[in-house]
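The structures considered in this document are given below.
In the two complexes that follow, chain A is the common piece, with chain B as its partner first and chain C second.
What follows is the complex of A and B.
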């Protein structure tokens, strides 16, 4: 069903956030104080801090639901111990989410809800009202290659820039309630056309592309014979793990206990983890079944484009380009993937 | 205030990472490094496990470790685990005394295919601590003896002092429904039984017509390849050889990614796999010779 559409002025958008902030925390992209020109998802102190045309943040908005390090529960050393679940997330608004990041949240919804489903992620997810916003690509974005360009999944309200403000698509009653706090107008044909042109321009301006669709990429990874390309990539990689920790579709984690100083109480924590780190696949007896860096590099591509694609029906890459922006070794996911594609096609031609 | 988000409800099989509490009923020292613990859930509810499944055992302040349930599902009171002291959590488990409380999540994982094995002959091969999950299987088979064909158990331990579950072995030895072979790698003067590795026993077994024979093998990784080779010589095929794999688990439910063997999550898709499921999976290192990787 087509969503209800309304137009809100540019000032009206800020008014909407201001209204929401009276009742709830609002997390949205704002300029980083420590790095002017860069943006991050942070709790807004004032509505004016919201930057509607921000460039992709370093960390994805998944951190609003799953912090890089978070407490699962507290324990005591009593007999029997007292265990208490900890959830520091309250109802909040997550605003200014690009379509690729909506896709990222949706990918994690799917992964964490596979039976046996975990409760933690969906419980926190259910607390948020999500406002999406359309964007323009930079040199690293390639969402049109992985089908996330138009994602509206999991958002309550979605905004697209038009000449006289924003065209708001209303997807849920929560989105409707937010929008109802400010003055809106029925969209005219011009508004609808503006929004369509925005989407067309977005695709036209995309410079990075995967040379095959996710289905073909999965097939060629499965076919294998790419060892020298894994090796080449691994020779440049530092195994720093930044490509995982910045990724909206990565969801691996570690768990460990911490006592507090009294040694009478403590917490179990979980923290984001990365399959590129050497210790990730360590097993008993210090054996490591991904000891070699090329095995870890290969695992990253396989997991994103083959294993999870086969298991859950979608590539675990949203085309956001964060991993390539973050990589100190300048390993670009699009370039590497295209090299894999080119090699596989050449090999197929010779066969 | 915005309404709460209205969205289709999430499927809630519900894993809170907070464990349930269980109390230690008994502790038996089986060997120098292995203890058998009888546990009961704080709720008094049975665990309802399948042989081959595991629980995530929490020692608060130390962490969690996956441990096989080593008692038969039919156990009247609680369940048992057998733990070898190797590190942080297992070390803390060894300090437990009756009455102490620990945390349990699970049972998790896919256990041995006990229903599919009904009506079949089963060769059970255990190496070292691998006897723990297999004790649950043997217990289940003995509890339902008529449902299974010929049952052979081959158990190898490092030396006589390392043999686990001696009381059970005595009972199984008396049980006419079980052909039991126990062997040690390094015998001492007192040892009158067999010596040598399990593969030498398997080699000499008369499996008759092996058409309905299935093998269930749990032991140290190095054992798998060699046992499989012997089983192939007896005519068993990959789909009739069953292994249980070990990885370092964190979540135990297919989320954290730590136990992944190529596309498989050992915790969720296993830990029990048929050899045929592992074929072509380069990270199932225990079933390949290193040069084949």
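What follows is the complex of A and C.
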């Protein structure tokens, strides 16, 4: 069923956040204080700090649900140990989420619901009212190649810029409640057309494209014969993990225990991890089953476009371009993927 | 618990600024929690008196003279557990900058004809002289890591110094990449564990904790000197000061001198 649509003015959008902030923390894209022109998801101090037309952020909004490093439970050294779960209980609003990042949250919903299912992720997801907003691409965005341009999953309210403000699509009662705090108008045909044109312009302006769809990429990766490409990419790669730590669809983490100085109590902490790091695949006995950098590079592509595609039915890439923007060695996911597509197709032709 | 049953801890310094032991003092009240577990019997910077007997030795600084070699060997023999503090003790740090010149030439330059130091040797980290049980790297050490290592010592657990690049901690803290500010950063090849303290304050990483295992130095040379297809990030770096290979070497040479760092262009990419 088509969502209820209302128009809210640009000032009305800020009023809506201001109203929400009276009751709840609001996490939204704001300009970084240390570097103007760059944005990050942060708890708003005032509604005016929200930047509705931001291009991207270093970290995706998944950090609002799964902090880069967070405590799972406390323990004691008693026999048996007393464990106490640590959980977030504060409701909040997550505003200004682009469709690719909604797709990222959706991808994590799916991944973390696989057995053994996460307890904490869905609980934390339930604490938020999510307000999506449509965007314009930069040179790194390629959401049209992975089908996430129009994602609305998981959002309560979605906003698209139109001439006289924003067209708001209402998906849930929570979204409706938020919007009901401010004055809205019935959309006119012009509003609907503006929003449609925005979406068309977004696709037209996209300059980065994958030369094959995810289904074909999975087949090409499965066929293999790309060793030289992994080697070339690895020669440039630092294995710094920035591609993973900025990815909205990556969900791997590491866990470790920390004692208090009493040595009688402690916490179990989990921290985002990256398959590009040397010690990611380090196991007992100091054995490492992906010791070589090129093995780790290959694993990243296989994981995103082959293993999870086969297992969960979707590529674990949202087209947000964060990995390429953040790469400290200028490795671009779209360029490498297109190179492998070209090579694999050529190899198939000669076969 | 009677104090006699606690392990005895001692602090020793070799060639360094003594900033790492000063950092430990900055634990302030937390220091009292540490004292619940150990008795400190020697710590020249903090207390009078010393003891010939101790269980855990915390040693900072580099080995720069023959007599230092003898001293650290004696400490090693006495202490059940040897913990190095800081990059001087772990990777040679600034002390090893001088290893580029012969010892005799340096002595002549610094002291002239007067024989002040008769037993100087090329500077080296403690880790190059005796086996070490625990290492806290950094210039200076990071207090949370010191406390963590202290707890590992008390519980008899092995501690592996972090072997991930600083980029990991930058990202996990959601800091903006300093490339975006047009700065050269050694973070992608440098061990973290500092919680990216320099980048958190607007500086770049200077590599004080030494290289990660399997650091891709060839990539660093290429990224900074040869990048053709420029990234907006790289534009910022290139526009302000695209560094020469020599400049990158010098940047590394502030901390990374033991062993001498070979920073060459990859053979496949030519000079």
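Here, the second predicted complex is superposed on the first by the 347 of 351 C-alpha atoms of A that agree within 3 Å, B and C clash if a C-alpha of one lies under 4 Å from a C-alpha of the other, contacts with A are read in each partner's own complex, and residues count from 1 in each chain.
The criterion applied here is as follows: a contact is a pair of C-beta atoms (placed from the backbone, for glycine too) under 8 Å apart; a residue touches a chain by one contact, two chains touch by 3 or more.
Keep in mind that this is a model prediction, so the values were computed, not measured.
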*chain B versus chain C on the shared chain A, clash or fit?*
fit
*Return first, second, both or neither, reflecting whether A:278 touches chain B, chain C, both chains, or no partner chain.*
second
*What is the contact status of A:32 with respect to chain B (first) and chain C (second): first, second, both, or neither?*
second
_chain B versus chain C as contact partner of A:202, first or second or both or neither_ = neither
*State whether A:81 touches chain B only (first), chain C only (second), both chains, or neither.*
first
*Tell me which partner A:290 touches in the superposition: chain B (first), chain C (second), both or neither.*
first
*Can A:161 be said to touch chain B (first), chain C (second), both, or neither?*
neither
*Look at the residues of chain A and decide whether chain B or chain C touches more of them.*
B
*Superposed model, angle subtended at chain A by chain C and chain B (C-alpha, nearest 10 degrees)*: 70
*Name the contact category of A:314: first (chain B only), second (chain C only), both, or neither.*
neither
*On the overlay, how many Å separate the closest CA atoms of chain B and chain C?*
6
*Shared contact residues on chain A for chain B and chain C?*
259, 263
_List of chain A residues in touch with chain B within their complex_ = 20, 23-24, 72-73, 75-77, 79-81, 83, 85, 91, 93, 109, 111-120, 122, 125-130, 154, 156, 172-175, 177-178, 251-257, 259, 263, 266, 268, 270, 273, 275, 280-284, 287, 289-290, 295, 299, 302-303, 306-307, 310-311
*Please name which positions on chain A make contact with chain C in the complex.*
32, 34-35, 38, 40-41, 58-59, 63, 68-69, 139, 235-242, 245-246, 258-259, 261-263, 271-272, 274, 277-279, 293, 325-330
*Any idea which chain C residues touch chain A in the complex?*
30, 33-34, 36-37, 147-148, 151, 154-155, 163-165, 167-168, 171-177, 179-181, 185, 187-189, 202, 212-216, 218-220, 222-223, 227, 229-234, 266, 268
_Quick check: in the complex, which residue numbers of chain B touch chain A?_
1-7, 10-19, 21, 23, 42, 58, 60-64, 86, 99-101, 103, 108, 221, 246-248, 250-251, 253-258, 260-263, 268, 283, 285
